[in-house]
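Both of the next two complexes hold subunit A, though its partner changes from subunit B to subunit C.
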Partner chain A sequence: MTSHESSKFIGRSMARREDRYLLRGQGQYVDDIAEPAGTLHLAFVMSPHAHARIVSIDTSEALRVPGVVAVLTGEDFASLVAPIRADIEMPTYKHTDRDVLAREKVRFVGEQVAVVLAENKYAAQDAIELVYVDYDILPAVVALEDARRPDAPLVHDHIDNNIIFQGEFSTPDFAEKHAGSKFVIREKIRHGRLAGVPMEPRGCLAVPDRGDSLVFYTATQIPHIVRTGLATHLGLEESCIRVVVPEVGGGFGTKAQLYPEELIAAALCMKHRRPIKWVQDRREELLTNIHARDHLYDLEIGFDANGIVTSLKLEFATNAGAYSSYPFGATLETTGGARMIIGPYKIQNYAYKNYCLTTHTGPAGVYRGVAQPSCFLAIEALMDRIGRKLGIDPLEVRLRNVVTPSDMPWTNVLGVRYDTGDYPACLKRAREVSGYDNFRRAQRADRLETGKYRGIGISNMTEITGTGAPGWRVRGLRSVSGVDSATLRIDPTGKVTVYVSHASAGQGHLTTFAQIAADYLGARIEDVRVIEGDTGSTPFGTGTFASRSAVTGGGAVICAAQKVGDKIRRIAADMLQADAQDISLCEGKAVVAHDPGRFASFQDVAEIAYSIGNGVLPEGEEFGLEASEFYDPPVVTVANAVHIVEVAVDARDGRVSIENYCIVHDCGRVINPMIVDGQIHGGVAQGIGEVLMEEMVYDENGQLVNASLLDYLLPTAMDVPNLQIHHMESPTIDTTGGFKGVGEGGVIGAVPAVANAIADALSGIGANVNSVPLRPAHLLSLIRNAVREEGRAAIEESAY
Partner chain B sequence: MELKREHTIQADQSSVWLALNDDEVLKACIPGCESIERTGENVLRATVRIKVGPIGARFSGVVTLSDIDAPNGYRLTFEGQGGAAGFAKGEARVDLRAEDAEVTVLMYETRAQVGGKLAQIGSRLIESVAVKISGEFFESFSKLVGKECVSDVSEPRAAS
Partner chain C sequence: MDSTEVMDVELTVNGKRYKRRVEPRLLLADYLRHEIGLKGTHIGCAHGVCGACTVQINGESARSCLHFAVDVQGCEIRTVEDMATPEALHPIQQAFHECHALQCGFCTPGILMTAEEFLRTNPDPSEEEIRTALSNNLCRCTGYVNIVKAISVAATRLQQHKN
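The block that comes next holds the complex of A and B.
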């Protein structure tokens, strides 16, 4: 389309339209929606035990609390809601049906065992304290490392050895090739369990609508999947459900699930025909939202004397917690870590075994980056170890192993296609802008300077983005469509509304999709409005997670804009007595090429399309001026980045400060650089938290001991340094629009870079850093042990 | 959570031992104790109100005494339910040693486990709360036993 070649809006840092109202405090989140008269409130009784048989539940005292309408248990819901089950088609996969309220047994601390329905939330909260549950406590298995032990208690009777599923893969003759590697390094990399912690907790408001219908307001990233999930689990006609997503205060994957509370609220709304509201508190959020990243990588990497990787062997286990979730099951971390670890490298001999293990802990799911922060933590740790072993600079080791532009399009051994990108140039640019070589030249062998160990870390990562239907089928997810869609409609006044199947949780979709639509339609951007997150008005689609909206939604918007644009051209050509191919669309007008005085405005065209006034549609043309298009990217798009980080580890107290942070990022064609930078900022902040402080801690009995933000530490502005961000743009050639996703790249890049910088800082004293989080107490013990082993004097003396 | 402490009480060992087995003394000394009753030989049922940071709850539970070696010590196991606040259970070994005729050293070693809300948002505070509660207990206990030991002094000796 000649008229679209010069982007007018795409590529510009346009101010976010959302901020006009969000920054004024005018955003309407679930809890801000005015409660309709007669709203009932929910509160949940949660299990204090990790594993126990429910002997009895006494609700009589709770029922006497004034305002309490009902107290219900799992048995009451048995006929109302089907157990939660994700449809997973994978060999060896074992389902873990989850009753929306536990029946017979509880399997993690926080599992809901009863719900109180009350006239107000105070009565509901008071009443849950008066529900008496008699438990017969059973032994629990908590740690990932214990799950497969022969004597481990089973979480589900039908799942032997607590293995939900296992997979394996091997390139031809792997054992032989691996045995032939000149050097082999073996290492275990452990990543601790995290929570997503969006600023806004989860919540929903179910409102009965005309007849037997239901309007369901919920803080979700996947409105269309929630609608289908509600219909199938509640046995409702899908057509009677409208899911509406108000503003969402961060999701990060924790809101890309259909949760028991949502099903319960919807079921009670249908049963009582009264509005039902529930908003969780922070403790519930930390206990019951999906957790993530409880991962163990057992690795062997083979390489030659030049540092070229000749083989990689992985045994990978993830802790899925007590149940798999809807719609992703428990698959994504386990398959993701094993499939994505190859990253930007030309690793031709690869074998993995992966295990998804169930334990008596909170269910795990898809948190920003899913397994990519941990698998790049693993592979990037190995790249550094190769460098240390051979005395080759670790950046050079990476340069020697990356896929180069002349290799592209490159298909890796797992079949993932990399169509564009310049990984060596990205590394070299990061080396230059970060001052990497100067840092290395000045760095002492023992890394110790004025009481601090100083190190520099690199992460060189790819990010699988924009996964469509083929990508989800490969990973066995039946309930995750993969396609997204857009309806673009021009109203009789010539204004444009774009209805997109996605749902923003703060990504700025109202701005970026408008930029795309305006460019591809030739509209004025102020004439374009974007609507999403309402299944009543938006067409079906998969939703916003896994860095996919720009690719799948962007592609759909482009297709719809082009289709409507073609119709505008045909009608305008008829009006202006010109050829349709001579009409270009620009600033809301259809203009005859080389004759700018001859034009019709979109409003003129729309009036004809809607038969307003005396104009007549061209022969064969139908009424209306809109198009609905689905888009399914043929392959995943592969974004990439290099992060280089300098840190100082205080020798006396183990505290880490980040002294310099540079990123070179390539997410293909950039729609809005400011929003891309914002995505990277947020991701890096989460990555810094992931390495330096965050961890969900379960004790050996399965008690979660830090279910508050006093004890679950999050990074603040004090912990996040200024980030120097540079962009490269390698548009994809495989997908419409050239976009690659960027939602997760920040966290994926930050985790290995910060961890490697700490590892580099402590490499001078021989400390082996192979796990995160790296909190001060852990680093201090690494330092003390290392220093003791070397027989050095007390650390304080050597440091000062 | 583990707690290991020693307290010196200004009373002879037999008086201390008797007091340790006296429900009324225990009730008076356990901070927040609302009721205590003996439901069987060596089995006590108690209700105690405890506050751990933001969590306040009434715990009702059972304490069982075992390995009784009068007047030298016993083991007690306890299990208390605090409703929505969670639960606590554990055991303690209590040993008495006569420092001299008028002074007894009480040593105890406790291992306790908490669960539910107590663990989730109170873990950070549990140990300091336990130290505080036991401190208050022994302060009251020392006062009470020190005062009463004069009149009771002959009885335990006669009994033993």
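The block that comes next holds the complex of A and C.
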């Protein structure tokens, strides 16, 4: 049996194994690991200026604080750690080397300029207040819109016009085809800057190990990339570094980077041979963890009288902040927004120019959805505008433009292959379950009802998931492998351990990978244990980000399980004097088909494989019962969903409430529906935050004015409604297992849907909604500008 | 600044008495985590917003990052470690497990502390009341959907226990 046909565990909402210890408060996050004796604590002095020359640093007073061991500056690290540089191979790309502590110049508020080592964290905190840095303040460029101006200060002297890289693409004869479009709508869509803000701030603990080696505990999503990054930047052999990922309190991409503090902690541990610990506080988290979005789309969409899109032209810029990060460089947002905007649509004439710009703001990087929440915000806003212009229902406009099942497998103009999915059916199902048509029938032309503008929004999106090696090569990322791996081992007692190259930050991998392994091996699930997040025991892989784990880790687990399963069959066949192809694996036993009384347990087989007892290995068979398999999925695997949202915008204060929220989602073969729904819930909540409240607000001097959770608002239980989720399952035919990723779909769908619902609500008064976030003050000003005196009276009247 | 001053702080934590000589500026959260080693209480923001560090002081939920240990001298403190027995989860924890009301689990101990007090004082809450009580605690993973559900399930079960 291949065990593929009998899914005993895949597809079931199995409760998570992780919960038992997490609920008891026994999860070991990095700050919870017992500190070895002699641990030194780090605290960082951060720049209060966005752009300044460092004139001098006086550490003498800080050194007098009891418990302080050393205070170090950039010069001290110049010979210890190479500047951070991501390995990017792209035409026009310019590197932004970053010293782990700033030397000569600082380039964003929060950039680290000195580090204190102390016996305890209170002393370290005391001492950073006493490090006196003399700065020569320089003019800063902050806003994306200003970065390319001829008079803008340069962030890096070697980067002209602050352009880290630029690209362009065009389908053949684009200008001619675009000029031939019957109608053209031009619109600019602005997406604000925000951040992932996991509940656990970052931290690490570096502990000297035997000889000259190091165990490095860090809250990361990419342990193997961190290990390689530590080795290359510190000039160490990888064999002396073991990266261990403890429990991680949320990642969302913010922990899929190698940060300066990690390099500093590891370097100091190697230098002093003492344990080094660092845990950031929330202010540092908001200032220095990667930010995201901050995009500007300048679009022209051409279409015919039926609403069929005939051309799309995009000029697109993203704000990378002061430095590109490791390992993604500053590439993903800029290439992603331009490449993914086509989404589920059959757009055949497309041209883009994209610019990645550097400014004196916090470095940007990958946050859940990467560019997709914003590029779908853009394209979905255009779909609505086509509908408004032509008087066609916006859902109908989408139906007329989507790739249909008969087109599948579909390769879009950029070469992205869509293998399975039924986009029209997904739209129609969402229309039905959300009561879309009834809402539209009842909706007033002015949208005003009981003091609130009521609107409905649609988002019809695809999610690029499980990107394999070719996908990362296309995007110029040398150090992001794309492959993941698993080692599946049956121990002498017949129990199964699966070592996976991933690292969960709450996604429930210990449960879902066990479901996959048990199914494909024919094991009892209680006999399967999953281990990940440890470079000492797991094989090399890319890690957990960009909706990868189910596709890449799942594929690897399947391949390893099949290989071990084949060996079990061969050994059992020899023991039972049967044909290997007649042996099926089920509940931890190898059973002869049609003769269930003849079987060998996994333990019986394992004893032979390990030469325990008197059994003898079949001829030609090697000792051991394990397999390590790498899995490289295709370029990408495309999931999809439709979100339909009803909102009410209070006409008097601009506050938005979400009245109904429906999702039809297709992530291929579902491993654990409960966990999949949880991923969607969390993503949607982040998307709601992204549209209604979240924004990193910089003033014109480059000060982040809301670097606390009192001022950077996150959604609470009062902001996120109950979500109605329906699934369609179109297993991918391109990957092993049929899984498509799901980690980002929620946020990608939510941002356009909620924004479009607000836009629809305000369309009756002619207000143009073309940016997020849409906070009450902004919406109120849109309403006030659109509504004259008599209209205000109508609002008051309607409210009572 | 004089950080050399120390004081004896005596607390009852999860029914056990502890006495430690600490600086007056030591946060209750750090007392619990580092002086007596109860690390189930997490610090998410250290400025009283996120609620990850929520414990109960004399039965009422409170932010352990906003109290100095000396301020709660002699008080009864309860933390997440006091909820389950080695054999069984507390009914609220059990409902969280069944409803998938946690993902990364970092905010969970604080939410459990809030929920336990809430259901003690409001045993039969409406969804709106649950959401209001929960708005004290931030969660970045779950969107709160399953947390609301779990608290509602737990409320029903706790009521049945009583009857």
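Criterion: the second predicted complex is superposed on the first by the 786 of 800 C-alpha atoms of A that agree within 3 Å, B and C clash if a C-alpha of one lies under 4 Å from a C-alpha of the other, contacts with A are read in each partner's own complex, and residues count from 1 in each chain.
We take it that a contact is a pair of C-beta atoms (placed from the backbone, for glycine too) under 8 Å apart; a residue touches a chain by one contact, two chains touch by 3 or more.
If you're wondering where the values come from, they're calculated on a predicted model, not measured in any experiment.
K.L.:
Give one of first, second, both or neither to describe whether A:48 is in contact with subunit B, with subunit C, with both, or with none.
P.N.:
A:48: touches subunit B, not subunit C.
K.L.:
Tell me the contact category for A:89 with respect to subunit B and subunit C: first, second, both or neither.
P.N.:
So A:89 meets neither subunit B nor subunit C here.
K.L.:
Scan A:699 for contacts with subunit B and subunit C and give back first, second, both or neither.
P.N.:
first
K.L.:
A:248 in the overlay: touching subunit B, subunit C, both, or neither? Say first, second, both or neither.
P.N.:
In the superposition, A:248 touches subunit C alone.
K.L.:
Identify the partner contact of A:437: answer first if only subunit B is touched, second if only subunit C is, both if each is, neither if none is.
P.N.:
Neither: A:437 stays clear of subunit B and subunit C.
K.L.:
Should A:132 be classified as contacting the first partner (subunit B), the second (subunit C), both, or neither?
P.N.:
first
K.L.:
Using the touch definition from the top, say if A:287 reaches subunit B (first), subunit C (second), both or neither.
P.N.:
first
K.L.:
Touching A:109, do we find subunit B (first), subunit C (second), both, or neither?
P.N.:
first
K.L.:
Who contacts more of subunit A, subunit B or subunit C?
P.N.:
C
K.L.:
After lining up the shared chain so the two structures overlap, which partner does A:710 touch, if you call subunit B first and subunit C second: first, second, both or neither?
P.N.:
both
K.L.:
Taking the contacts subunit A makes with subunit B in one complex and with subunit C in the other, which residues are shared?
P.N.:
708, 710
K.L.:
Show me the residue ranges of subunit B that touch subunit A in the complex, using the header's touch definition.
P.N.:
Listed in rising order, the residues of subunit B that touch subunit A are 83-84, 86-87, 113-117, 119-121, 123-124.
K.L.:
Given the complex with subunit B, which residues does subunit A contribute to the contact?
P.N.:
45-46, 48-49, 109, 128-132, 283, 286-287, 699, 701, 703-708, 710-711
K.L.:
For subunit C, which residues are in contact with subunit A within the complex?
P.N.:
Against subunit A, subunit C makes touches at 1, 3-4, 23, 25-26, 33, 38-47, 49-50, 52, 79-81, 83-84, 89, 93, 96-98, 100, 102-109, 112, 130-132, 134-135, 137-148.
K.L.:
For the complex, give me every residue of subunit A touching subunit C.
P.N.:
Residues 13, 15-16, 18-20, 22-29, 31-32, 66, 122-123, 126, 196-201, 247-252, 281-282, 505-508, 674-675, 677-678, 681-686, 708-710, 714-718, 720, 722-723, 746.
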